[in-house]
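Each of the next two complexes has chain A plus one other chain: chain B in the first, chain C in the second.
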Partner chain A sequence: MADVAIETVTLTIDGVPVTALKGTLVIEAARQMGVMIPHFCYHPKLKPDANCRMCVVEIEKVPKLQTSCSTPVAEGMVVRTATTVVNEAHKSILEFILANHPLDCPVCDQGGRCDLQDFSHESTPTTSRFVEVKRIFQKEYFSPLIETEMNRCVQCLRCVRYCDEVMDVKALAPSGRGTMTEIKHFSIHELDCEFCGGCVQICPVGAITSRLSMYEFRPWMLKRADTICTYCGDGCQITIQTKENELIEVNSSHGAGRNNGDLCPRGFFGYHVSTHPDRLQHPLIRRNGALVQTTWEEALEFIAETCLSLKLAHGPTAFAGLIASRCTNEDLYVFQKFMRLVIGTNQLDSSARYGHINGVRALLRVQGTHRWTIAFEDIVSAHALLLVGTNITETNPITGLKVKEAVKKRGAVLVTVEALQPAIGTISNITNLAAHHVTAHPERFGDAVLGLIKGVVEEGLVDPSLTQRAPEYVKAISEAVRCLPWSAIEQATGSTSSALRAAARAFADAPRAVILVGQGVLRAPGGSGVTTTLLDLLLLTGHHGRPGCGLAPLAEENNDQGAVEMGTVAEFLPGPGDLTDQAVRERIAGLWKEELPQTPGRTLMEILDDARAGTVKVLFVVGENPVGTLPHAARAKEALERLELLVCQELFLTETAALADVVLPACSYAEKSGTFTNTEGHVQSVRQAIEPVGESRPDWEILSALSVLLGYPIEYREPREILKEIRSLISGYGLLGPAPIPPRPDAAVVEGYLKKGFAEDVTSRYSLSSSTDRQAGNLTLVVAQSLFHSGKLSTRAKGLLELQKAGALALNPADATLLGIAEGDQVRLSNARGQMTTSVQVRDRVPEGQAVFPEHFDQEVRRLLSVSPDPQTGAPYFKTTQVKVEKV
Partner chain B sequence: MLLEKYTDHINEILSRYPVRRSALLPLLNLAQREDGYVSESAMKEIARILRLTPSQVYEVVTFYTMLNLKPIGKFHIQVCRSLMCALVGSDTLVGWLQARLGIRPRETTPDRLFTLSTVECLASCGTGPMMQVNEEYYEQLTEEKVDRILADLKRDGTCSLKSGPFMFPQPELQQVKR
Partner chain C sequence: MTFGEWVKTITFYEILVGMKSTLKHLINYKPVTLQYPHEKRTLPDNYRGMLALLRYDDDTEKCVGCDLCAAACPSRVIKVISSEVPGEPTKRFAKEYSMDMTRCLFCGLCVEACPVDALAMTREYEWAVYDKRELLLNKQQLLAIGDRSFQVREKRLELQHPNVAFFNVSFKELPQKPS
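Up next, the complex of A and B:
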């Protein structure tokens, strides 16, 4: 990473000599030595604006006071931050601000954690010379979640600059001028933006606050728990603040976690899910066809008895288990141990199967790692970034911020291959920042990747040392791409050969290059193959294995990565180690002091098949909801109805839980402790913020209790004990430190891949996708993740429902015109499988020929989708289909 | 739609600047000439043309007092009330206008004929009190002159007392020189 010579300068601040990096601002140098210079407009995340003058200091040999937030340190500089002149200046600035500030601290939610209060407390006299009437802004409705009280505004413009510089949303406008400057959105319209909450967090006073917690607290009443967000693989650190066991607000302090204090709407406004009134409070058991309340004892005993008799009759192969990768590592670990030891089967899988497994399998195959070989820091410092099928703003918003930072602040070259097109909208669009962009068809990301590789080969950008090291590999790929006619690639990608060549060159020429692969690729047919081919691109350009370079598949769920590492997927034991790897088996058996079952693993779709066929009779489902996730065509409901025993551990009565024989209430992330492993392989602590809702219990505890009744006790006193066991078995769980140390590619595996491994499917990977040209009048329906939700879970968060409470079909304006449809119109979607109606949104960012529907509201849409499991990885693909769209 | 109507002109404006966003003020000016004010739809359209968000356009419009956010009357009367004009009675001038038109500054008459504004120095300090009506200056104003101007504007849409924005050097002097 560090390839710049570190230069330092030495200066004196308040008489103390300090050494700071060249380029450091005086205000930061002072902070580093413990001197806090009062400031409003300065924020380390933003470019200096020096508009408030609060941070002035004396600098020797400079005649006037200087703003320390915009003055870089210099050799020999002598700074004084607390002289009479400086103090007088601070007082006058505050006097000016207070000339207008309403001082309504008693009813201001910022009261007690307000910079203006703190600085005034330090330096204002108790009287003011101003007798003029204060400025009064009419109170205006701003938005359902964000409140403004502009009379309190100190006009530092931090909110506006954050929204622009960090978020790239540009939703806030300082309207008017001078004292009368007022922060607005667009004229009198209510705010429409990403609702990241960043402006709420960065406002130094109470001018922008959250309506979700308005007037509910005084900051000093709140109890804090630093924990990890449950809504995506980015794994942001959040602080959940509670008052008497009630969830009040969530924030994240600057510098905290992998997110550095930034959040997205899900993290900032989505926390009420844990206390939703529909939460399951008691165990439920099916009696005479209906689920009725029961006690834990009765529920667990019923399960144990039924399991024992079914196991006696049919053996352990009649059992299977599914778990959601939203669970903690501790839950996941205990789950697989329960299935393997207590039940005696390897027939278990998790929601990592939906796509994350594709990325992991490709990484393992080519470089022998199951984790990224880079970290977020490498994204920020990359010279070139290639994004393929990520829709990053909506799926992994914080990884998206790292990309924005790399491009906007550090001038990285961005290449995007996305089913999106550049357009200004109310939410940011990463393709707007791209130097090279390919608008890909959602089923043809692979073709665009082949176009890039062809560009690399034809432009002579193949790393010469690779050609020496692996001549066969280079030859095979070069020949394969030479056989692909540009005309076909141009047709498949809609990009010209010269554009693809230029993009290839930009990527290849960069000293440090990073590839991010998202759900668009990982959850589409050939997901693992396209990821492998992207690793070829890294290898060919000589980036592979270089420090700071690598390929990073983006995890969708908060603990997808943990699910793989805990061995809760069909093919892996904890580690992850191959289920059939004798050495791994022996090691685990040694630790568990028990033999591992011999039976093969079964993937999600196979388990459902087995249930339908009647060979699986008992299914344990922990937080997973196949009935509510898979399309109707997967016939999951039919499969589960055939089971003799379906046990669900859940927060809510989901479509799957509604079919269960026993439903056990589980704790949400806010009520338990443990760890999550984020997309970059960083293991982070989850800490309990509130008491368990109703009688709910953590998943691991439920499984542990069951194990006792089943006669194979696996008991732990607390999650930390489980983590201890995980540590002894799985590498990378030792230190929950501030930054992950990414693994290095395994040289032997890479050699193996280059010598032989690549050959097994090089022909199929290097052919263009068979043409799936849509019929005239049809659109390609893409069921995608929205920024405002995460799976179905967040659709129970009241804050997020304010932002999006129903699905709508997003169309390109040209298609809308062609179909005679306008924003808000009702349309019918239909194909051979069925039909549904919904309303329309016209969005410039949706490419022509595509129609995007949010997966969180896909109850009806799933009727139209088909499902096909990946022949190698078993990942079920069902995110795109062809539909006819008509106005109704 | 501005772009449809003024395609060439807009493209010419865009061609002047290496950074697209720089064309914002000329385009706003164009929009205001078209409608007398900058409408929301114009702001949105300009945002699209320049690849900005509507908020970014809006903040600029609100910064410049010469850009109007609300529809204005057919005649926009802008009275200078900076120091020089104030010394020779711009307050009285505003008073006359208020009385004649029945509106206060920043208001428009119900017949949508006149909008009254007060502005800072219009660079005609030697000939105050003065006002600008649309593109024309009226200087060294007296009560009688104001009456005549308003009546003429109402009746004819113009008034011969106008002196053009470039009073100095005075037209007679220019002729003498030549």
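Up next, the complex of A and C:
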């Protein structure tokens, strides 16, 4: 950590003097100078266990061989890694392992990249002295996705330790003694865990392998492409391994990317989407009411002709565009340039509107940044972490691992304000690690936050220098929270005032504190307001602006942040710069050598309204699927059916694409190059792994081709050229580095907020949410993200379908008993808007009175939901509703 | 030069020695050229002829689809597509196996590499064809060559020794891998 003086020691390894940090293990010091000491049980991510004895070295003045994986370096130490004694030791350890090893390398998927193979080749003879019968374990079925062959296990316990130390899942355990030790899982039938694939990746031999790619490859056949996962905003680096244009497997090497080689099930098992047989291979055009295959020329010419004539008749305001923030920055940039220059309208929006925009707007308002002011490293080294409305394990699993590391390895205090309650389950539950936990109702995160602020004020934890700097601000807020009665807060949050005060104190007392805000807040009514209030909390406790402290809204989609920065949301130009800011407009117009359109931007919901009203007649949709995402109450289908021209660029024939007049096949992330910007604002390279499927083309290329036909060519040779242009607008954009350099809060903006800005909505933000008590017998239905899926895209990944095929309603055991429902029963959910039937899962982590349903499957759940746009940010809210649950 | 050497030089002694051998062959004449195809040579035991895939005595294919032959081959003759055996979960085999014999050097490295002795070199060499494509052999063709060349077959591997009892066997009670 930054406040510890760095001490180094000098030692000699194999005759070479080395300087290493104090506390470094000998094995690591050797690795740094390029000497690989053979090892099985050691892994830099795990605490040393020193159980395999493979890493022994000779250390001068120490009588016996020492395990280098558990010996820290010391001043003047003399280490020898390759003496005869050491080699003999390696030989005998390997001989012991091989005595029981099946040596089925020819059929073992690890063959060719197996540590045991490599070390054996180095040190042992090709014949064995053992003639006894080998140890043979009963074959145990693990799961559809993870295969185990315990006869190959070298009992290093890396898998068990990874699952516990890093994942906090604890699904695996050794059983038996000595050579008969076998790795087992705790579940009764199949392995039931997070399926992060970590044990598969970390097993040094072929004892745990992936069943998804079983027997499809040999490691030396694989071509690697380091790219970025598209399933959430964490932006994990993945290596897609392909064989002759076929996707074989995904992994991530230790130390790679922001995820440091850790993945979640979506990243590890969800890669088959790109080669799904339903991928659109050819352009489709509507003839006599049906979509039929056509050629690119015909499709593009049809679009161009129709656009030109409609533009002539109705002007550019009849056009609008929607893009998914799963696209690369390059796609997003070209899309908004296409809409603004070729079409001449600002009426465009992206899926960042669903929630991410709320966080960005709050950050801009209070501190003038559109990004986090912290990086993942700051989460790990924080002393206190406040998580609000994020079921982080399921929405942003890798950011979740950073939180787990901070808490488990570094002893950070975790405060959670979550809709979940602490409970042991098959997947890790972040609230279990919390020192202070508030189980907030999903519509009342704001109330819990107010409780915390009231705690801060009443405990006298307000930063004195802030009181000096902005007395009015502190006074206004203190008064506002004093007016809120504890009784009302206790009733709204179900927590006692003393618990809230204690949580407030723990947070305020920490030298470095970080707040993570998740979908529960960002995608719920008042999302931007609650985020602003959380920034107030940072300001009041004096953390705001301190290095390593900050508030971080978690992006749901992989490039939500990029969508905002590329200016593909209604209110922003690339930068992001305000659409109405004259200086920004002039600068961009100067670079584009073209005037920007004057029309105001329109948000997603406004565009749909305009389409329904008939003022928008042409809609370009790139990867977005409003019909499939929004509830029926949003009447998106009705809106799109009224359009005169609907053009979709898509991977699959989605609900939206099925309504289109022209569907253009687009490339998935595996088939194109570009950049994604992750939730912390790190711009990372996406690299092509396979050839485009069918006739599909990258989105930017399609738009570029259209622009030529529309008489205003915006052409690029390759994505890098687009990035260069982006860089001319936003200096330094996407200069790839190992870690992002977070921006600092803009002092002038903070000052403005403290002096005046806060006042405009302080009363509305500092009042408890009007209580919408549910009627007796009703449950609050929460539509939430599942760990095993992301959006609708992942439901085409065969691996993830093995983990979760359809949605099921998760209920608290108490509610289930009350309703007379057991696990697996069918229930009917109904409310005024409609009804659906589904099966039930009983889960301790779901609080009483709530029912959680995953949002990924096209089940009737969207019928039950209502939708309301945020009055300020236009974000559509449709995550919770009231339902009646009955057994059928 | 000694006297003896001088005598040999002037009497052309070395030439006479050579002529003696020539004259001997002239008298005991035996033809060397084989009248192929009416006559055929006896092949040495380690003759490296046409390649073949083998089976165990219960007719199951020996090849486990490990791809090691393809990795060993210096001229990229072999292509193996491995997968799980349909109906036999966790067992591996070569779903497709082909050899482009136009490129084969008959070096035998693939036979050396095969861990289960599934490959062998037969004594067949009469493989002249009018169309080169006929030398692209698939798994069935290669197995047929093996069948006709080797009458004696080995016992199944897992029945040979308890230590290999778990080598590439199927577990019927397990589900097939996801497809």
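Following the convention adopted for this analysis, the second predicted complex is superposed on the first by the 881 of 888 C-alpha atoms of A that agree within 3 Å, B and C clash if a C-alpha of one lies under 4 Å from a C-alpha of the other, contacts with A are read in each partner's own complex, and residues count from 1 in each chain.
In the analysis below, a residue touches a chain if its C-beta (ideal position, glycine included) is under 8 Å from a C-beta of that chain, and two chains touch if they have at least 3 such contacts.
What you see is a predicted model; the values in this text were computed from it and never measured.
In the superposed pair of complexes, A:R211 makes contact with chain C only, with no contact to chain B. After overlaying the two complexes on the shared chain, residue contacts for A:K170 are found with chain B alone; chain C is out of touch.
Ranked by how many residues of chain A each touches, chain B and chain C are led by C. When the shared chain is aligned, no partner comes close enough to touch A:P631: not chain B, not chain C. After overlaying the two complexes on the shared chain, residue contacts for A:I424 are found with chain B alone; chain C is out of touch. Of the two partner chains placed by superposition, only chain C is touched by A:P102; chain B is not. In the superposed pair of complexes, A:G623 makes contact with neither chain B nor chain C.
When both complexes are aligned on chain A by C-alpha atoms, no chain A residue touches chain B in the first and chain C in the second. Only residues 64-68, 71, 82-84, 90, 92, 115-116, 162-168, 171, 173-175, 177-179 of chain C touch chain A when the two sit together in their complex.
Contact residues on chain A toward chain C in their complex (touch as defined above): 102, 104-107, 111, 133-134, 136, 139, 141, 144-145, 147, 151, 211-212, 214-216, 218, 220-221, 798-799, 802. Those residues of chain A whose C-beta lies close enough to touch chain B in the complex are 169-177, 184-187, 424, 426, 432.
Taken in their complex, chain B has these residues touching chain A: 40, 43, 47-48, 51-56, 58-59, 62-63, 69.
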